[in-house]
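Two complexes come next, and they have one chain in common, chain A, joined by chain B in the first and chain C in the second.
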Partner chain A sequence: MTIQDTDIPRRRAFLSEGLRRYLAAFRTPRGLIGGGLLAIMCLAALLAPVVFPGAVDAQSRDSFLGPSLTHPFGTDELGRDIFIRCIYALRISISLVIVAVPIAMVIGTLMGLAGAISPALGDAFQRLFDIILGFPSLILGICIVVAIGPGWIALAVTIAIFSLPQFGRLARGALLTEEGREYVLAARVLGVGKRKIMTRHILPNAMDPILVQASLAMIGGIFAEAALSIVGLGIQPPTPSLGTLLNVGIRYVYVQPMYTAGPIILLLLLALAFNLISDALNAAVMKTRND
Partner chain B sequence: MTDAPMLEVNDLAVQFDFGGVAIQALHDVSFSVGKGRILGIVGESGSGKSLTAKSIMGMLPEAGRVSNGSIRLDGRDLVEVPETELRQMRGRDLAMVFQDPQAALNPVKTIGWQIVEALVVHGMPKAKARARALELLRQVGIPDPETRIDEFPHQFSGGMRQRAVIAIAIANSSPLIIADEPTTALDVTIQAQVLRLLAKLRADLGVTVILITHDMGVVAELCDDVVVMYGGRVVERGTVEAIFDAPQHPYTRALLASMPRIEGARGRELAAIPGSTPDLSRLPSGCAYHPRCALAEDMCARKVPPLEPIPERPENTSACLVAQRDGRLPPEGEGASAASARPDRPETEAAPILQVEDLRVDFGSKRRFFSRTAPFYAVDGVSLTVRPGETVGLVGESGCGKTTVSRAIVGVNPIASGRVSVDGRDVTSFDGPATALVRDQVQYVFQDPYASLNPRLTIRQILNEALERRRLSAEAREEECARLMKLVGLDRHYLDRYPKAFSGGQRQRIGIARALAVQPKVLICDEPVSALDVSIQAQVINILADLRDRLGLAVLFIAHDLAVVRHLSDRVAVMYLGRIVEEGPAEEIYAAPRHPYTAVLMASTPKPVPQPGAMASKTILEGDPPDPRNPPSGCRFRTRCPIGPLVHPDRTICEREDPALSGDRSHKAACHFPQDTTQTTEMRERMPS
Partner chain C sequence: MLTFLARRLPSVALMLVVTALIAFLLPRLGGGDPAQVVAGPDATLAQVEAVREQLGLDRPVLVQFGDWAGRIVTGDFGTSLISNRPVAQLIASRLSSTMELAIAATLLMIVMGLGLGILAGSVRKGGSRAAIDGTLSVLLATPPHVTGLILILILGISWRLLPISGEVSVFDDPVTGLTYLILPAFALALPQAAMIARLIQARMSQVREEDFVDLAKAKGVPPRRIAISHVLRNSLGTAVIVTGVRVGEILAGAVVIEAIFARQGLGTLAVSAIQSRDYEVVQIIVLFAVVIAVVVHFLSEILLAALDPRIRLDS
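This part shows the complex of A and B:
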């Protein structure tokens, strides 16, 4: 019995196979635009204090100036530059979701996978997710703010809790399909321990939808911050966040339309960036999954 | 073929265009079918046989187009016919039966609605259509059509669904039916029913059938003419007798030789075709088969052989340069005749390495809040013994519980009652030490080579996972990986690749290597070759047989294919509806089955030997297997049994009493009338028609 030498493409992995697939998403047009947009906004938010030191709270007599080269979005009721305040506001939005969503992702995934260790615990977590989803996000946010007081932490907790159920459910779905796969059965028959089966076989194959969901959850988080801050329960002035800017801006919508339009434009750009990234990720994982 | 052919395909070429990259998938396909004949198009996956069917139907995928040639149906070139007209012709002038009846029927519409739709689009008034639909259902043999017509596809069994699809295909009296692997998704007893139906339709209605299949046995039983395809080309064509008597293309010959047989001599190594089927986008130069051909010469790699009649065998038209030059296909060289007889395997009396006693597996009981659902035993009292070095075949149709048994043995399915012992120790509890014993001694080869390897791990990682149990050092593991790869005939340089780089047969070898990494004493093979092409199947079977003999493994070989089981097994157990109905030495069972189910199973298995009229005289099991949740009283086979109360109303014992597995020495059958089965001729006479 001889085995022929078919030309099997030679591949050696520099990065782990999984990571490479995700990075491949950023080479597609969608991924490139989304990633680029996000990178520009992150960079702007990071560099704002360096480029415009102190400008965020610098007041002047020129209130409600129209858009011009010096003030692209005009000035607000205290003569502060709306554009610079919007860029500063990005710091809050991005930092919130970058911290809260990954935490939710890890905890939610673990809670979803808990069913593999104890079916009762897994079921209990699923019911918990049902309860969380039963609350409108605003009401949930209000409850948390009331409990720990308004501010960045309360927002982060709200976003994390509110993102939990999606991750938990995706992870559980992946767990249930993966558990029945023949390679998982093969590992069980080989006597591989539960924990190793989890980390080696189930988790890597469950990561695809979870990462896509993470990108979508970021959008949810950004809008949750805006919603809570609009009603005054989020970030407290004078610190600018997209929500607090809107909160004030709405009052002057006829005098200074850019006061509301500016934050909304940035909100939409953020949402667009994350959406493009999640689309690209989804396409990339579907593609590799199919071959 | 004296009169004008029904369908004539000439120099058909199909090209695919993938973003500017053109791939030619079909080359110079030519054949014709006479009116009222059945033509079989045979080939392995990727040979272009389905694509040929789709071209005829004008249903090529969007990227594909016919780039050359003609398809003449009754003299009209279908390639030229505009799509709107073609749409009217489909169903009326040519109809199609698809592989998967589940997918071919709309699940939210009744069967009747779907047949009526086929009639109404071709102009029949609605009022008449229902009556015609009833008539069609009766014609394809659906019992009680008046009630069944208003049922939904999910209420039909697989075989019934395929009958309904056939009813739709013949609804408008289409003179040509193209059936694309119509029985591949069905069990062998149901396959026999559908094949007989096709033969009957041809006899009654005179329809012409093009049957696309990978199974040479099906071709031999049903077809008049054969077209063999390989790598997007027709490599041989001729009448079924000519092709099966003396194939004139080395591929056809090798394909026939690589099939395990249910009759005749056994125990020799199968003549496997080396290598794997080529990808249509990367065909070898010249004759596409030359890299795998034992007779290949230099010219084969340079020149594409034309399809021409072979001088000394004018009935065969073959695309083989060697056969065309020599006047006939020369006999194989020494390389392939290595199919020397394997010494008979001695019977063993050693203490069993694996013993299963009265095993029951419950799939039904679910705890609700206040109650428990009724238990449903997918496996109901199965006993099996496997001795060291022995191969036991476990045969049965899908749903009979054979996989459930095997998974219960390794502790994946929970055991409701009974006993499993390994190497004399009771492991039924599957507690710590018992599980460890099972893991060390019993390993498993899975059915689907595409699902049983984690796509995220390299072959080395997969094998290392299996080697973890043996706690080897890093160097020893490295050595062991290389040894395992060599054992299954793969190069060690492939270790760092991912499963997607391998073909199905190679993946299955990796699955075997993984199982052997633990150095088990028992190997459970769950349909290890059913997902593979015939030529690849033989490679894997040979490797399994070879490893078994070299390593002295005991094997529990599970399959639905009786021929494969016969080739490998020392003893055979036949399962039906969660029970073992017959058990004994392989030779004895195949020579003289004692249980009617075994006999029918063997009769239903298509044999690659053409016999005119074989279809009509064959014992075929009527009906479908009963619901295992609600098995019949007494003998579970009595509702389909050809010697039971169906034909002998006086045999009420079958309804009352569950027959025990009994018989002399090692050959046992669970039948009240085991003598009747042995007299098979008598059984045929008593068959209901």
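This part shows the complex of A and C:
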């Protein structure tokens, strides 16, 4: 560590310290429940092929059985176990948001911070965000599905593009407020380079709201998959995803209500888990801000 | 007012041009050669080329775009490549179903949004406050399709109160028509109403801190009067603008809601058009939805500017 480094007034210079704050969020009750719930669902999705080998497509003559111990959610029109198909469906929901949201987070943040390098570029990106937000969300999804063709990739692109503006705006907001702060001015006076000011001072301050937003964007992504797949523009049956299950399930809602209720329960559990996590992150971040 | 319009018009125009461009490009993005589609699968190369020339597809893309936009503006929406019917006719046949749903949902959204918002902004006791806040958070976090499915499960399946599938035009049979409309309209309106309520609530607690409220209190204005003519009146601006934005979301949400409730509206038309690669129809519906969203948004901004001089004079 050089002398110059210690002399610059700065907040949370070490990544490890920042990380520790975020991890502390998972030790609060909300973070623990949300994180635990998510961990259980991730594990179930990951281990499903090992625990229930081949069961996802295993048909039987027992169609539309009611919920029982062997089939917690009953069976569908082809006698397949709805519970196991729901667990498999988690693989699609979780994989989509785990890939799409972080990509959107990185690109969106960079686009938001672009204003520091070139104001014109920064403004152009903000215009782009306005346009994306101006599109009703599903209409944008429809355009992307037409361009790419329905499937996992189109859904990931839709989720990423739709999450982009929120990250971009948060990053730009942080840039504009932090740029004028005294400690940034002080760093600049001391001759710290533009890049270092960006990575050491502005980015860490922007990260707090962006991470909270990422957790919320995951909820949006999970619901978006369901919406597009329900109408038949997302994942295509017979692949089980929460949306495709609902797409078929709603047709049999009178004979097998669990066909609709099962995926809904998992959708709500996923949303609850991410909501609790974002709450816990938010509380942890606010706490250190106020200290 | 004129300067306000002049300031806002460029961004509205930009949005419309971008939308038009995207809608125009959709059939091209969708893959497949339109000339090939029109000429049919058995056409020879020469025939395809002839069709291409006839449709003007051999000219520069920008010229084609100008041409296409010109036709749209004059009301010529093209012909469906699949059913060979004019797109305008296809849309007209589905319009009333979607309009019924959208209007019902918008009215519900405004009524419930205002009601819940004023309630949430007025109640300050611990328990009931927490209950309202909790309800709003849950409604806000649940998108229309999930709300719709839950309503189906509770009111349609468990209690068998309301029909969950199909539709009857309100004009043919008002009472039956309404029973078919209630669930989808509620599903569309609830999340948006919660959003409006949240904003009114936040704005009301903000306004309550303002100096003029203190002054009114000091003057001895009765609390009810303060609540209505000081606090509420100054909180409604946000509601106006958000209502404008939310109409677009209601239209987009109608795509999924129509599919879930098996209604034959523009949404189901769009979905079946995408699945049969009938992009001429898709592009007009996309254009239609976004133009309505943008125009309603713009109108609500004008309304707000008319109500609030700070906005139209702020340069």
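Rule of thumb we're sticking to: the second predicted complex is superposed on the first by the 276 of 291 C-alpha atoms of A that agree within 3 Å, B and C clash if a C-alpha of one lies under 4 Å from a C-alpha of the other, contacts with A are read in each partner's own complex, and residues count from 1 in each chain.
The definition used in the following text is that contacts are C-beta pairs under 8 Å (C-beta built on N, C-alpha and C of every residue); 3 or more make two chains touch, one makes a residue touch a chain.
These numbers were taken from a predicted model, which means no experiment stands behind them.
Asker: Does the superposition put A:120 against chain B (first), chain C (second), both, or neither?
Answerer: After superposition on chain A, A:120 lies in contact with neither partner.
Asker: In the superposed arrangement, does A:261 touch chain B (first), chain C (second), both or neither?
Answerer: second
Asker: Is A:201 touching anything from chain B or chain C once the two structures are fitted on A? First, second, both or neither.
Answerer: first
Asker: Where does A:130 make contact in the superposed view: on chain B (first), on chain C (second), on both, or on neither?
Answerer: second
Asker: Given the touch rule stated above, what does A:50 touch, chain B (first), chain C (second), both, or neither?
Answerer: After superposing on A, A:50 lies clear of both chain B and chain C.
Asker: Once the shared chain is lined up, is A:188 touching chain B (first), chain C (second), both, or neither of them?
Answerer: first
Asker: For A:69 in the superposed arrangement: first (chain B), second (chain C), both or neither?
Answerer: In the superposed model, A:69 contacts neither chain B nor chain C.
Asker: How about chain B: which of its residues touch chain A in the complex?
Answerer: Touch list, chain B to chain A: 272, 274-276, 282, 291-292, 407, 410-412, 435-436, 439-440, 442-444, 446-448, 451-458, 465-466, 468-469, 489-491, 494, 496-498, 500-503, 506, 511, 514, 518, 539, 542-543, 546.
Asker: Sort out for me which residues of chain C touch chain A in the complex.
Answerer: Listed in rising order, the residues are 11, 14-15, 18-19, 22, 26, 29-31, 141-143, 145-146, 149-150, 152-153, 156-158, 164, 248-249, 251-253, 255-256, 259-260, 267, 270-271, 274-275, 279, 282, 286, 289-290, 293-294, 297.
Asker: Where on chain A is chain B touching in the complex?
Answerer: Contact set of chain A toward chain B: 1-13, 17-18, 181-183, 185-192, 196, 200-201, 204-205, 291.
Asker: Across the complex, what residues on chain A touch chain C?
Answerer: Residues 127, 130-131, 134-139, 142-143, 145-147, 149, 219, 223, 226-227, 230-233, 246, 250, 253-254, 257, 260-261, 264, 267-268, 271, 275.
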